[in-house]
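As written, the chain order gives the labels A, B, C and D, with residue 1 at the start of each chain.
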Amino acid sequence: MTVHLPGLLDTDAIRKDFPILERLLHGDRPLVYLDNAATSQTPRQVIDAMTHYYANSNANVHRGVHVLAEEATALYEGARDKVAQFINAPSRDEVIFTKNSSEAINLVANMLTWADEPFKVGVGADVVITEMEHHSNIVPWQLLAQRTGTKLKWFGLTDEGRLDLSNIEQVITEETKVVSVVHTSNILGTVNDLEPIVRRAHDVGALVVVDASQAAPHTVLDVQALGADFVAFTGHKMCGPTGIGVLWGRLGLLEELPPFLGGGEMIETVTMSASTYAPAPHKFEAGTPPITEAVGLGAAIDYLSAIGMDRIAAHEHAITGYAIDALNGVEGLKIIGPADNVARGAAISFTFGDIHPHDVGQVLDEQGIAVRVGHHCARPVCLRYGVPATTRASFYLYSTPSEVDALVAGLEHVRQFFG
Amino acid sequence: MKLDGMYQEIILDHYRHPHNKGLRDPFDTEVHHVNPTCGDEVTLRVKLDGEKVLDVSYEGQGCSISQASTSVMTDLVIGHTIEDALNAGDEFLALMQSKGQGEPDEDVLEDAVAFVGVSKYPARVKCALLGWMAFKDATAQALQTTEGQK
Amino acid sequence: MTVHLPGLLDTDAIRKDFPILERLLHGDRPLVYLDNAATSQTPRQVIDAMTHYYANSNANVHRGVHVLAEEATALYEGARDKVAQFINAPSRDEVIFTKNSSEAINLVANMLTWADEPFKVGVGADVVITEMEHHSNIVPWQLLAQRTGTKLKWFGLTDEGRLDLSNIEQVITEETKVVSVVHTSNILGTVNDLEPIVRRAHDVGALVVVDASQAAPHTVLDVQALGADFVAFTGHKMCGPTGIGVLWGRLGLLEELPPFLGGGEMIETVTMSASTYAPAPHKFEAGTPPITEAVGLGAAIDYLSAIGMDRIAAHEHAITGYAIDALNGVEGLKIIGPADNVARGAAISFTFGDIHPHDVGQVLDEQGIAVRVGHHCARPVCLRYGVPATTRASFYLYSTPSEVDALVAGLEHVRQFFG
Amino acid sequence: MKLDGMYQEIILDHYRHPHNKGLRDPFDTEVHHVNPTCGDEVTLRVKLDGEKVLDVSYEGQGCSISQASTSVMTDLVIGHTIEDALNAGDEFLALMQSKGQGEPDEDVLEDAVAFVGVSKYPARVKCALLGWMAFKDATAQALQTTEGQK
């Protein structure tokens, strides 16, 4: 029986674009890929764009006068244009290519580590994060704190899996230099209301960094509407390749803040004793950039945009609602994170009686169902909710209601196995 | 089902009815080990007596593999010489690194031979080793203390 | 007429592996790709390995219990094994994947920026480089110097394009904490004799970093024989993909030195207030690594190893010798760098009368010949030899004597055009 | 040959026999501009007189495009009003950004229309603009100084 939910995409057509979805596991089990928050699958269009690049235009970018170098440069810089348009950036020069989200966030932390006033951090200044951050938005700030003496503060979480902003005036104060917060939690699924945080941060003159790693793939991301100063995301979660991420930053800030990595491409002129730097974004892109990966990310953006990010968001909302209902019907299963389908992304974490997530994941795998188990690089969330780990199912544009059904059936099997 | 290779009945038995679980006195040393990738934890106590492992007791949480493996381990070491116990640990480690190719010596490893299937799953090898590593660590610490007292 | 040189590889067979070499430019001109020092071309075997990965095993690495995650992890860590073997590393844990060579060198510079004694840099300490470094081995050390007060010193160059080590005792002193030097110059082609540098540096207790970006692709690279402490190289110059580089470092050092980027994968355990770090190499690999790129680099290493790095070196030596002779016969052409074929890599820079390199490159391009023009990210070398820029032809395992002939004929055409 | 689209005879003529090359006195301001990606350099002097560009002279090294473009530029601005000269600069910039699609106004740009082919080569556009940018900068500085003296 096929379920029909309002807002679903034509997944029959979409799934044909993803070669891996045809794979059979353990002999004859069709792959049910529910690990999209870890990484997304890659459509043929993206694979082909990269293959075509290697077979036709491969060269190092910039400075070359030969045809291949000009084509490679046009493709690489063209990908920057696509990203800028995708996130509604005021200027293409605000788009910096990094190797992943983590580097993008570390880039901001390191710019600030070496910045002069008015951005200077150190003793007497503080940095604010939240208890639902991914380790990649925790550890860079811990390192900054250790290295500079800046104090690290954070927002706690409510029992419902939402940010507790009740003490916002005490957490974000005149001492706060930067507030870095996740748009959509990769473990809880929570979509945060960033507006009050951005407002308060800007009131006290702090910069706002948004970790949009779980937002860019799933919803319309408009950096101007968001009002933040920096936004980070990563290619491999949005149908793109590994090896590329993006930091968007306000041009005025990128002009004033110091560079991070030094090397080829990021300079204006070099002598042995001193160098001057290229304007943004190149100032922050040392060395040969991820050229093929930018080509792939550009193709991924074309792919997603052709379907429409609003339609993808609606599809995932429908699937997530269906999954929440179905999982709530599984005896002994407890969702960790918002239990309703409001302001919620497509990742659902849960515990399952006292069966350890490793065992849950292993038995699901045997049925071809790929979920993630563990602390999902958000160990403080596990500590907060008193669980050692969770099982997480996460959806994307190709996910179907029958995959949710397969998960529920798989869980019944898990129960029998360990019963 | 292929999974049966990993979750052998003997493993599920130890998981459902673990041996020597619950911390006991007296003990020489207590250690706390964590598997950071999955949150499995064990607190383990060792009581030595000259040449022998007098007692091992533990408390912990984790997956069936880590819990069963710890239970099996206690059976294998309690009442044995320290040397035999550590030897068994080495054998078990070799088995776990065998990628399913190991041919375990049942005389040495007894119930622990059931874990040969686990060695095919790299992500689970650490689970199986958690209790053993804690035992090795606790024993080494206890021996050091005894050395120091000599 | 085909030229036969001793040591040449079977380029007819090899060229069939590189789809791009079949490309025609400007209508009907076969591509003569002589820009290998900038980036190498990519064999079908490498493209296929990555395509196959995306279509079959794509997943995030580590921590996953599902089949795809286990396959991806095995492939990613398998690539680390291949790199370790390729460079004869004593341990696979000494191989850190970065995004390129530049990041690898910045990684060392930043480890040292935050290191405690005995590695601590700062006022009173110095860092030694050379005048023939690529900007990626200059700017990271300039940044370290500015940030910490460490003094930057360097070796000069002889008129013949070699390192001037006559004052080695004055340059490398008891104050020296690190010596970072290029193995093979990307602009001059010089292969440096590193032995006296390593010896002197270790005598005074300094660490040695070797920029092997132009060595790993072209010759047998044995980190144990080299005796250095860190070695950096980059995937896209050795038949691999963009988006990946390698830092090899001695395990003892990697254990003692502090991490650089923070985030997922590099941690052992995280709480809001403090974290502990995973052992090397993971300590230095924050965030989702370049997984597909590692798969591609592994395939590139298989490809190169099957041919044999010694045979590739011999081939390039033969081609370079042939090219030096041929270019020396071109009136008005002057080689910048060693004029003989001794201790020399496969990059040849030159000036051509008073015709500007940009014009040389443009007219060559029109004939399908791709060379690089400019300062090749080594502006201090141009300053040293009093030239604004050079034209550079650089060879690889698929380069042929007839491509050298095409270059020489192309240069005659350039002369006529601007005559 | 397609290259002829870039290296039009008129460009090669200016390259071989540049106009107004060699620094001259008197001048109001002198600027030095560099194209960091290829090392092209120009030192350029401007002498203004109220409304008009009295003289422009320069010294430099670089590729044929940058040298010819600077030569053509001097012809176009010397003796013209400052307004017309800056206008021509804007027209030329627009032409260079046209990716080969520009339809330059020969009345305004004269010999500089020959550069339309260059605009198809992104790597060379900066070369063609070097002299023009230096002129614009030197003129702006000269005007500021005059303003200051009023």
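Here is the rule we go by: contacts are C-beta pairs under 8 Å (C-beta built on N, C-alpha and C of every residue); 3 or more make two chains touch, one makes a residue touch a chain.
In this text the structure is predicted, and so the values were computed from the model without any measurement.
**Student:** Would you mind pulling out the distance in Å between where the CA atoms of chain C average out and where those of chain D do?
**Tutor:** The answer is 39 Å.
**Student:** Measuring from the mean C-alpha position of chain B to the mean C-alpha position of chain C, what distance in angstrom results?
**Tutor:** 47
**Student:** Which residues of chain C are in contact with two or more other chains?
**Tutor:** Counting only residues that touch two or more other chains, chain C contributes 26, 63-65, 69, 267, 269, 358, 362, 373-374, 379.
**Student:** Going by the contact rule already set, what residues in chain B reach two or more other chains?
**Tutor:** 37-38, 121, 124
**Student:** So what shape is it, when you link every pair of chains that touch: line, ring, star, complete or other?
**Tutor:** It is other, because the touches fit no line, ring, star or complete pattern.
**Student:** So which chains end up touching which?
**Tutor:** A-B, A-C, A-D, B-C, C-D
**Student:** Along chain A, where are the residues that touch chain B in the complex?
**Tutor:** Listed in rising order, the residues are 26, 356-359, 362-363, 366, 373-375, 379, 382, 388-389, 417-418.
**Student:** Which positions of chain B touch chain C when the two form their complex?
**Tutor:** So the residues of chain B touching chain C come out as 34, 36-38, 121-124.
**Student:** If you look only at chain A, which of its residues touch chain D in the complex?
**Tutor:** For chain A paired with chain D, touching residues are 62-65, 69-70, 73-74, 267-269, 278.
**Student:** Once bound in the complex, which stretches of chain D touch chain C?
**Tutor:** 1-3, 6-7, 12, 15, 37-41, 61-65, 121, 124, 127
**Student:** For chain C, which residues are in contact with chain A within the complex?
**Tutor:** Within the complex, chain C contacts chain A at residues 19-20, 23, 25-26, 31, 33, 35, 38-39, 41-42, 46-47, 50-51, 54-60, 63-69, 99-103, 105-106, 109, 114, 131, 134-143, 147, 152, 154, 234, 236, 241-245, 259, 261-267, 269-275, 286-293, 358, 361-362, 364-365, 369-374, 377, 379-380, 383.
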